[in-house]
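Labels run A, B and C following the written order; every chain starts at residue 1.
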Amino acid sequence: MNASESLQHLGPVLRARGLEKQYGQGMGLVRALDAVELEVAAGETLAVMGPSGCGKSTLLHLLGGLERPSAGEVWLEGRRIDGLSEKALARLRRHAIGFVFQAFHLMDELTATENVELPALLAGRSPRAARRRAAELLERVGLTDRAAHLPSALSGGERQRVAIARALSNEPLVVLADEPTGNLDSSATLDVLRLLDGLRSSGQTLLIVTHDSRIAATADRLISMRDGAFVEETRLTHGSTGRLGELAGLEG
Amino acid sequence: MGRVLLVCRLAARDLRRRPAEAALLLLAITAAITTLALGLGLREVLSKPYQSTRAATAGPDVVASVSSPPDSGVPADLAGLKALARAPGVVGHSGPYPVVWTKLGSHGQTVDARVEGRDTAPAPVDQPKLTEGSWLGGGVVVEAAFADALGVGAGDPITLGRRSFRVAGVAVTAATAPYPELTCLAHCVPSGLVWVSQANARSLAPQSESLAYVVNLKLADPAAAPAFVDAHNPPENAPPGARASDPMPPLLQSWQEIHDQTASLVRNQRRALLTGGWLLVLLALASVAVLVGGRMADQIRRVGLLKAVGATPSLVAAVLLAEYLVVALLAAAAGLAVGRLATPLLTDPTAGLLGSAGAPPLTISTVGLVTAVALGVAVAATFVPAVRAARTSTVLALADSARAPRRTAWLIAISARLPVPLLLGLRVAARRPRRVVLATASIAITVSGIVAALAAHADLIDGASASDPSQTDRMNEVLLVITITLVALAAVNAIFITWATALDARHSSALSRALGATPQQVSAGLSAAQVLPALAGAILGIPGGLGLIAAVDPDSTTLPPLWQLLAVVPGTVLVVAGLTAVPARIGARRPAAEILQSELA
Amino acid sequence: MPEAVGVSSREPSQGYQLRVVQEVLLALLAKEPSHGYQLRARLELALGPLAEALNAGHVYVTLNRLEKAGLVTSERVGQIDRPDRKVYELTAAGRARVMEWLGDTSWPKPAPAEFHLKLVAAAAAGLGDPVRLVDAQRHALLAGLAAAQRAALAEPDGSVAGLLLEGVVLRLQADLRWLEACAQYWTSTKERR
């Protein structure tokens, strides 16, 4: 199932119930996640913020099936996914989940186009269809003229944009972004910020884990984490310009 | 001095950090060196038993014999033989002794035997040395190898002709090659030697005219025996005016020829061992290259660190070389030692020669060659990386960008059209073309060895009827051991290459899984990256093996059966697929999140 | 899910009053004399979306005050079919005041002191967990950041108001960074106790 086939489903795209993740045992037990509850509605952009080591990346990995929870459930569009086999999870990632990583994780020996078409090829689409889709996506992120370049010839911001294009390759239900601007300078951050904002307005469901407040501010909803648990939650869309005056120093 | 110490310390520390690899390297080179040493050492070994037998029995320098042509009624030229005993250069002789061919019966079997009449008193030249029992004394003495083959010992009854005798003893001699080598006196038959009293010998002959005679000569200069033989042997063609009724002139054989005949027993083994040894050396070279290649990224970073603290490129290269030289030298020493100990197992000569081969003396040439080979392997494999590492700029080395994977655009384009496992496998292989070449070479070398061994085996089976079964068995054993060693080394190579590839590709494997490839597809891809080169190597190995056997033994024209040749390729592929399945599976199942977290762009 | 709590308890009722409106109007008049409505228009242009909250009559009240203080003079100009409009002009004293303001490098009072004292007091009096206070404040600022950023993204390239919004965003980012440090400090203090 991908985005275009899931129009019927009205519930939340992503749901987590009592999600827990522990490492080690006995004295060395580390609770990375502590009974986390989460829901992401279709088309919503959710940002999760927190200091390093608070478990936000672990949360993302559990939601994307890259790791198995110690306890709890993860539901993707009404289907429970935490107990699936590696094989089924891989198939899921092909069609329903797109990843964007802090370290970009592009294949060094493939050009931008070849990187973007890879998920489509892994999903079994014909090389021509995959290539076409890759060209579309590269245009969408504004990198058509860099399509034949290797990652080593691209700047950090361009690499991340290629990674975002790759994540969109199979029209995923949800895009999971783990510190997308963690390795970028401020101008590259702005580029990615604009891209994420554009994704949000096109209706893509996004879950962004970040410590960058600007990126978090693009979200519809913001959750803060500390020590593996949620501590604060705010809806960001309803901020009015009225308060802006105060923030700008326009006090009487 | 301080720099040498520094180099040694750095090299030692590096080896300690990776004990498994160092051990593997040691094993590979040692196996190769052992086989080589065995092959080389055999040469020394061959002479020893014969020499000691010669010394113990006062062996002759020349053996001359005359016989009467069969059914001609012309007696043997005894006078000619006696004249030889007085020829210039001869300082001693024993005989002439009568010789007659007859049938020997023992334990229900009947074989050809050559009976020589001797005196009870010890002869000055060629007095066979008893290993059992006593000399003649009413009975007969059987040559030791013959006795061994017949299964008789002192006290056993045998029949010669139609008369029964008791075996009085078993002895060795240097005057003739041990059973079952062909002995050519008048006619060449594989016949065992039995000594009887002169009277008994004459009585065994059907007519006195059919007796042959043999005389053992001692020369002033034993080294001149071949010249003596050439001078006195009859010419190839009969001189003009010869008549059938003329007595046949004496036939001479120098001790060197007899020695060579003895040697031929192990000559084939030696050839097999030398060929196998060189193949193993090549394989070890491939192993070392793989290991070195796998450590290159690590090495380059170390190089960067060394250079950053002020080490010059030459020091850096010295450290790199030192590590492998140490291992190679250790391997050479170990290989020589093991080879020395193992030689008797292979070369215990026939019972027909005195004493076991014992440990061959370590001649300078063997030690020198073996050490040179070990060092050569180490240097050859590390030379290119060492030079490259030494010349890399320090900044680049520290940034570790020198090992970026290679990009082969056409392979990537082709792989896009293939099913997912082949797509992944082809791209994994294309990242490290050098490793693919090494893998193919490794399999090609091994399959060449296997095919050559199969051909040699087929040759053995062909000639089995004509030769001693124990020798055939031993040769088969040698072939088997070499084949098994080759296969073992190649298997270790294959596993190691797969492991190194899985490690090297762990980032792209984890990423592929994050993007939607199943673990099965990824491990199938990792396997395919090994199986495809193995297939190519196996196909190359067949003509390689046939060429090898043609080069080593041009006379043998036996090919292994077609079904064996055809089975080698799919067999190799299946074995490689099986061997690499486990490391590939393990490599594909590590948690993706862990890998992606730890790998920074 | 609580609504973001505002920074101050004052609700916008009639729009904010511009603190430095006097100096700004004097400066705007430094180029040439203008009508009141022209001054207001240029002010609104500079403030972009923030101008919506500007009190409508505030500009005219300020102009009157300036005239009483002798920094500007006004002149009534007759119009044909409209009520008379005033034209304002800068005096020498007004010009001096403008130059003084332009040369003044003092920065608006930084925020940390009040919040810092709030946290210390809460911890000392056991009135609340400082870390939770920090979280709440962070979220409020983030809401503001979100609004400012959205407005900034909506501005066309090269818009001068966009620069103002960028300033809001960056200041908030800096404040948020300090709040992170506060959270770390008060978390580790809690662990030590």
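Here is the rule we use: contacts are C-beta pairs under 8 Å (C-beta built on N, C-alpha and C of every residue); 3 or more make two chains touch, one makes a residue touch a chain.
On a predicted model such as this, the values are computed, not experimentally measured, just so you know.
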Intersection of the contact lists for chain B and chain C: A
Tell me which of A-C and A-B has more C-beta pairs in contact. A-C
How many angstrom between the C-alpha centroids of chain C and chain B? 93
For chain A and chain C, what's the span in angstrom between their mean Cα positions? 35
Express in whole angstrom the distance between the two chain centres, defined as the mean CA positions of chain A and chain B. 63
Show which residues of chain A lie in contact with chain C when the two form their complex. 51, 194, 197, 213-214, 216-219, 222, 224, 226, 231-252
Touching residues on chain C, where the partner in the complex is chain A: 1-4, 6-8, 12, 15-19, 47, 49-50, 52-54, 108, 131-132, 135-136, 138-140, 142-151, 153, 164-165, 167-169, 171-173, 176, 180, 183-184, 187
Within the complex, chain B is touched by chain A residues 57, 61, 64, 66-67, 86-87, 90-91, 93-95, 99, 101, 103-110, 114, 117-119, 121-124, 127, 130, 150, 152, 159, 166, 170, 183
Complex contact set, residues of chain B against chain A: 404-407, 412, 416-417, 420, 423, 427, 430-431, 507-508, 511-521, 589, 591-593, 596-597, 599-601
